[in-house]
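Could you have a look at this structure, given as structure tokens, before my questions?
Here the chain labels run A, B and C in written order, and each chain numbers its own residues starting at 1.
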């Protein structure tokens, strides 16, 4: 297939997706479960892909994702709360000290930019560390960021540990998908560029990559900054999805959840992360909900055992453990969806 | 001034001792498997819940040994199910498995308890109040450091003097060679998890006697802090972990005394980052490098 | 007299109390094939790692094309425990990371093959060209560098053709047979446009016929790309067959230097390899 034909097919598929989304939304309504899952799934897909860029493609085991999402979410919310509503939101801080409001799109970009800037500063010291030390240092930084945001003294900006709300949100699923698609598209382009190849070289063998003239620190930092930029944007979108925002929700367990999504999808596969995100959100928000409700059979005489609040997450984590232990390559391994349709001389199936 | 600081200092030493008991589990597992056992903090929490439920049926003097036994069984099972199958897998996979176990244990505890905080049973004598100078505290605050140090001395003796201790030292020095020399790797690793869980169970009894309520995620933070203590002291070194834990416990409480409670958690991580940057091997750690 | 390419001067590498390379001095001139030989554990790879910036030597200096690329002297803890010679001769500290040294024109292969495992044969070569990019991350991501990218791809394919690997360009690098993997490592090093090529046991694990072919191949690429070759090797046929000069080291120290004929008859070399009876 020629390149131009391929591009045309891709564009057509994307258009088809948006048309499909439009009709789904018309048919089921914006508040339906399906549309809600699609919204949250798209946001998680972006965040998971951004984490995969770091952990799966560059081989940097970073656990700071929740911290960068938090920065993005707060940057967005703080900058876009309408002036008229600031007094009510910042009721304990005299309306806060920020007296301007930026348009939504500027807010989202600022969210990415600030997260990226922070990543640059944090990256300088921590990217010299190796594997598990890097993991624990980035985890530590995420916790520090959370503490700083909740700090009373910064209250006039961050509203301390109080809720941020009334910032602009989206109602339709289309803008969320558009944002996520653009961001993921850029990441895919990056991964397939000469820089992406350098990232993968570092993942495969740091020593050989360095011997081939690839500056390790420079490239690791680049991956870290870009990943954090998109995590920041993901954070902003998540804030929009939730409608209100509190730093306390962005704990290490959020990072773990995203990491597990990446693992289920396959470390080093963008499509894997996307599929896993939608599956993860659909299961936890929708398909496995019945596990959380007490159910009676035979006209209410027999109570189904085990089913009650919290059981869904238990089943869910057992499934995750099974994937982690027995299907270590995840759904896609290192392959992409389009690899499966491209004929190859030597066929290699997805090995579990 | 001293009167104001004293209660914080006392609780700092006490918390330090509790962190130390958890930190030893981290440092031993890391020393042998090169694995950050993210689930260790949740095993500590599980020990808290065991006590909550068992104490409703049994008197405390029988409950405590049973809690310890159950925690040890849990630690052992986690190792067998989640880490042993990944013995030859990349380190990253094992770490992910540890995170998965942590997630599973937290969700399981949430399910069992319905997500509600549970009141920790009052243990006679150690929960009683006592006054020292101007500070009123619980007996547990005073016995924690003593008990911690006794347990650690016992552990170090085991590691230095017994056959299994020698095997542990050999495995942590060189996993493959130890295996070739006929050391039963799996039993050494199991022993490590058993000892780690045992100390975590003791730490849990002491910790929750002070804090009185248990929730499914309560162990995550002390767990991480104990890990930082282990890194601070030089991962793999038991005395290092203990000293690190006491330093962190005391500093954290002094920060609270100065009125920066928001930052008491952040401090621990700041300390971690500083130590990783300037002395990544910690206070007593050994240096390793990759062969080209 | 042709130009000096690599000048190694009094280099000592000490790990803790172990002196792996002891006061080693070597000179390699343009267009030469020079071999570094010695028994196992003599410090050959360590010497390579000092030249390529993987290790920082404890003492000594290394010049490339007349410019100092590495220099160090014992300092800190090492100051007291330094067991090598010529302490105090050097007072500067020059450090270059391996990527900078590669950028200067020194490329290497590895004793235990280090290909990029998840990548195709083609991509392995392509990755080595990343170093010479002029695009930045934005222009590369948004495909504003297509001209450069196409040039890189074309050159990678040409390089693969030279070694006859063009047919397997899309295979995973690690799926190749051993001998081809070694060749791929050499091609990958060539893709960085080196002037000096360091080969760490290129014939390891090859049978006599493959070794002979490799010798011819090394000579061929040397002429074709105007290279200077410095190699560590155990196969004596290869070493004697293609080297202009040979350095022999044992226990980190140089014990002989000269043409293949001179080295072959040197009693110290024979003793190092075969051992001598005490007394």
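We adopt the following convention: a contact is a pair of C-beta atoms (placed from the backbone, for glycine too) under 8 Å apart; a residue touches a chain by one contact, two chains touch by 3 or more.
Here the structure is a predicted model, which is why all the values come from computation and not from measurement.
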Of all the other chains, whose mean CA position lies farthest from subunit C?
B
Which one of the chains is closest to the middle, using the mean of its C-alpha atoms?
A
Centroid spacing, where centroids are CA-atom means, of subunit B and subunit C in whole angstrom:
48
Based only on mean CA positions, could you tell me how far subunit A sits from subunit C in angstrom?
43
What whole-number Å value describes the gap between the mean CA coordinates of subunit A and subunit B?
31
What residues in subunit C touch two or more of the other chains?
54, 110
Of all residues in subunit B, the ones touching two or more other chains
292
Mark out which residues of subunit A touch at least two other chains, giving numbers and ranges.
207
Once bound in the complex, which stretches of subunit A touch subunit C?
186, 189-190, 193-195, 197-198, 200-201, 203-205, 207-216, 222, 226, 268, 334, 344-346
Which residues of subunit C touch subunit A once you look at their complex with the stated criterion?
52, 54, 97-100, 102-103, 107-108, 110, 114-119, 123, 126-133, 135, 137, 140-143, 145, 149, 152, 170-171, 175, 188-189, 191-192
Which residues of subunit B touch subunit A once you look at their complex with the stated criterion?
34-36, 81-82, 85-86, 89, 91-93, 95-97, 99-104, 106-108, 110-112, 114-115, 217, 220, 224, 227-228, 231, 262-263, 265-266, 268-270, 272-273, 276-277, 280, 290, 292
Once bound in the complex, which stretches of subunit A touch subunit B?
61, 125-126, 128-129, 131-133, 135-137, 139-141, 143-144, 146-148, 150-152, 207, 251-253, 256-257, 259-260, 263, 308-311, 313-314, 316-318, 320-321, 324-325, 328
